[in-house]
Amino acid sequence: MPMNDNAEFRPKIVAFCCNWCSYAGADLAGSSRLTYPADVKIIKVPCSCRVNPMFILRAFEKGADGVIMCGCHPGDCHYSTGNYYARRRMTLLFSMLDYIGVEHGRTRVEWVSAAEGVKFSATMNEFVEKIKSLGKNVRLGDLRCRS
Amino acid sequence: MNKSDLLAEQIREISGVNPKKCMKCGKCSATCPSFDKMDIKPHQFVSYVDNDDIEPLTKSKSLWHCLSCFACVERCPRGVKPGKLIDAARQIAERQRGGDYLTPDEIPELFDEDTPQQLIVSAFRRYRK
Amino acid sequence: MQRIGVFVCHCGSNIAATVDVKKVTETALMEPGVVHAEDYQYMCSEAGQAKIAAAIAEKNLTGIVVCSCSPRMHETTFRTCAERAGINPYMVEIANIREHCSWIHKDVEEATKKAVILMRAAVAKVNLNTPLKPGESRVTKRALVIGGGIAGIQTALDIADAGYEVDIVEKTPSIGGRMSQLDKTFPTLDCSACILTPKMVEAAAHDKINIYTYSEVEQVSGFVGDFTVDIRKKARSVDMNKCTGCGLCQEKCPSKKTPSEFNRGLNTRTAIYTPFAQAIPNVPVIDREACIKFKTGKCGLCSKVCAAGAIDYEQKDEIITRKYGAIVVATGFDVIKLDKYDEYAYSQSRDVITSLELERIMNAAGPTKGHLQRLSDGREPKNIVFVQCVGSRCADERGKSYCSKICCMYTAKHAMLIRDKYPDVNVTVFYIDVRTPGKNFDEFYRRAVEEYGVNYIKGQVGKVCPEPDGSLTVYASDLLDNKQLRMSADMVVLAAAIEPSASVRQIATMLTASIDTNNFLTEAHPKLRPVESPTAGVFLSGVCQGPKDIPETVAQAGAAAVKAIGLLAKDKLMTNPCTAKADELMCNGCSQCANVCPYGAISYETRLVMGPGVRENRRVAVVNNALCQGCGACTVTCPSGAMDLQGFSNRQIIAEVDAICR
Amino acid sequence: MKYSYYPGCTLKSKATALDKYARASAAALGIELEEIDEWQCCGGVYPLGSDEIATKLASVRNLAAARDRGQELVTLCSACHHVLKRVNDDMRNVDDIRTRANNYMQLETPYAGETKVLHFLEVLRDVIGFDELKKKVVNPLTGKRIGAYYGCLLLRPGKLMAFDDPENPTIMEDFIRAIGAEPVVYPYRNECCGGYISLKEKERSKYLCLDITGSAKGWGAQMLITACPLCLYNINKAAGDVLPVYYFTELLAEALGVKEAADNE
């Protein structure tokens, strides 16, 4: 369904951020006053490997238009290896989602360290732009959740 | 936007240079082979663009003395690349007034039997629109 | 059903200027489970906390949501407050409406909307929170210091003086580090060795300090209070107990061609060597790569001349495994390689040197016995040019983005020392900025200019050309005179950028301590917790955390020691209660969770499982709460959904997702 | 080994030596240089302005021609090499330039920087190898002390040209060693000869060339080699009496024993 009024379209975006790097990176973006759209809402998880694919499916089911997961850079995971598991899981999940019509652009994994406030903000800006260009997500949505 | 701001914007766009990145170390001017001939020095070009002061640049003799040797581009520690700014200013100057520094009439007297084509071609590319 | 109180902080105007806090408070009252909501100027203040405590008592609250700054800032504050008021601290959740909302949005309506949603998500989560109780773990009363430079030595001394055992692991044959290579120190110009050597001796003699030189950390496991570390003691080929340090072996060693690391390759050393005269321990090592005996089987001269019979060609690397309560990283720095900066001709002329090489040349124990001379022909230079910021403050991949901080001061020192000892030598310093913040630092630099006549020119050097007559032509800018200079010099000294020691990456990985893009170790908080790593029990000392000079390094070393002592002084530590937990009714004992656990916290036991319609002996997963760090890898791997993470349960996170997407 | 070959204007007139000795040497080394059809002048200097398209089109045609032949493109003249490599990089990496150039040119297959541009020296180093080259030398130039003059265009910008270390290059020195001579390293080997300034300001160019030749001579060079007709011209005009300067291909042909045959062709 092409959206004609994209200017008005405010996507719902869920961002999972690991406690050690990305959440701190988001904090740094905040304390550096690096803006990004309010459409992004962050959920703190201890590690990117805590993100169950179920959570992402649930988000889309409940009407999210995009889901982004952020973790420590490969090799820098606070728990040594968590982000590697997360990366593998998300690769599989995203290609499956793409297959059923939730475009690749709606899902993203990004490594953001605690020092990368700039990167966090830039990533979120980019991601929101991308979701805006894709328009509203129409797949997976639970009809009961439609407003 | 007034004319000077517009020109400054244009020069930043053509050159792709962000003068804000300059830390004013002067390394560009340190090895510029044409430094002595320039009325506005390579490092000053960056400041002028940063201050949106473009008129003097388009009138500067320096435009015709830059050798495009890229020494300043290579050695700049901040990735500012003053040489690109000079070239952008030169293009603006040429676009404003048409060919200026070299006319075909001059060629015969500048020519000798060994002069390679490369020299004429390069000079025309750099000195005329 | 929970009875939740929502507390919205204004944070002065930090939040209230962008978020309509009243509206957030009002909306909160309509959320499920919320029985109380109020806003206040500063929730973290004494008065704010009193309001929370009062509401807990009055309204019988079971859960708290504070809408405020990042939980990284004040989560502990509010949890402690709740605990004092009688509810479990893990019933508190923070909605981050400052860093994640008010500070990054400008539009009040939009920011308020988002703040409401963040509040809702936190409320939704608290509705599912359960009280959690931290476990306890013991503290091993021993500290490990990695790196034996001035930072490591000072940290070790301070910890040891407090009465705790300390091990220093140093990878080179002697402690002393970079400071032992320096000639004089700024801004007082006292001799580096004169102030360092006593500290080295003190550390070596201290009955609580144990020094492992020529050793490296090989493996680290465990966690705060209870680290287990493998240290590889590399084979020294000399028996530490027998060697008397007479030095005869070094005199006789026929392999003399190895560049001396201590003298930055300016001269050579023997295969069996101590790096410098005051080395501690004063026991040589055999460099097996250079030793003729090891290369060809012949020679053995050192063994023949050693009256103590200390030479042991058969010695093997030894692995020592020890337990530690705290680990301090003090791995220090090196100067960058200059092969990417050949416009300065470092690789083309021996008379272009780094400042650290100049330290060795100026040092009475150095390769020129302290006589200032050119390495190419031994002549005394008449014109010396110093180039600042070589590889520092670079935006490209050739150099480092940061200011190396120490160069301005040591260059002023070098310039001054040279002018003092050789008044007829001209000294020119090319600078971009002279940065001298520090006590008596600017005065020091001004003295170099005013009293010693050092010629400071603002402008960077663009190229150094070695000339056939042995001189060096220096092309530079004089920005204040708007001139291009072409200056003849006979020695050029480059203030090369400093960078963290190459080994730090590996050490950081072993410790799961984070490092930044420049390989400096990251602090737990850049301002408020500058000597702690985000990894509990790991502390930072010296340049491994960022460029600093000796006084700052010593100060930080002391601070790191205090933090370590604070930890070691505890008998027990509270552990993070947000650990994984297996539901034995759902677990089928498949072992997948144990495979992904980085801490070996999951084991299996067969036991009687009873539930609705179930009564059988079955293999089920059991999580060791002391070992589990709560990453959650197992929860996602578990195919039957038996594994969940307390404090971040599936239901809690899904509730947050739902609240956000509502 | 077959390559597309782009000689450029000057090699067809004033710099025939650079061209003919390269061809003869290539043949001796088993490399076929196939001149692309209807090649056009590269423009001599790379247009730095990011909004300049017209001045880049000729280079794109040359690059696309090599692409259509399925070959890598070999160049000899430093300037052509510089321009082609940089335009190629633009076509590969700068969306705006690629789109506008392709829109204008309407090639059968749009061009997106597929061609690999090589300097003949890079072929010698990376394809043949200087050790192999050394084995094929029949007249080693033993005892000759040669200074390599790189100039600007071969090396800079270093990251983009990816030719050699822009501040401490070794490719020409290795070449000199391979043909049996002794390289002389001097600091001005990557400084500018004046380039096109010599058309209107001969004195300036002379000043720079005297620095170059003076330094090289001081360090013991008996001659210079270059890959650029304009460098050769400038140095010859300004300082030819200080040091002779040759195209590197001439010495290569001599070392490989094919110079006379090439002269007689």
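As written, the chain order gives the labels A, B, C and D, with residue 1 at the start of each chain.
Simple rule for what comes next: a contact is a pair of C-beta atoms (placed from the backbone, for glycine too) under 8 Å apart; a residue touches a chain by one contact, two chains touch by 3 or more.
Not measured: the values here are computed from a predicted model.
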| item | value |
| --- | --- |
| Pair with more cross-chain C-beta pairs in contact, given C-D and B-D | B-D |
| Chain A and chain D: spacing of chain centres that average the CA atoms, whole Å | 50 |
| Centre-of-Cα separation between chain B and chain A, whole angstrom | 45 |
| Gap in Å, rounded to a whole number, between the CA centres of chain D and chain B | 25 |
| Multi-chain contact sites of chain B, meaning residues that touch two or more partners | 31, 71 |
| Chain D, residues touching no fewer than two other chains | 167, 191 |
| Contacts with 2+ other chains: residues of chain C | 343, 463 |
| Which pairs of chains touch, using the document's own definition | A-C, B-C, B-D, C-D |
| Footprint of chain B on chain D - complex, ascending | 8-10, 13-15, 41, 43-52, 55, 77, 79, 152, 155-158, 166-167, 191-192, 194-201, 204, 208, 229-230, 233, 236-237 |
| Residues on chain D engaged by chain C in the complex (per definition of touch) | 165, 167-168, 185, 187-188, 191, 215, 218-220 |
| In the complex with chain C, residue positions of chain A that touch it | 12, 14, 20-21, 23-24, 26-27, 29-31, 33-36, 38, 41-47, 49-55, 58-59, 62-64, 72, 75-82, 85, 89, 113-115, 121, 145 |
| Chain D-facing residues of chain C, complex | 339-343, 345, 347-348, 463-469, 473 |
| In the complex, chain C residues that touch chain B | 343, 389, 393-396, 398-399, 432, 458-463, 475-479, 482, 484-485 |
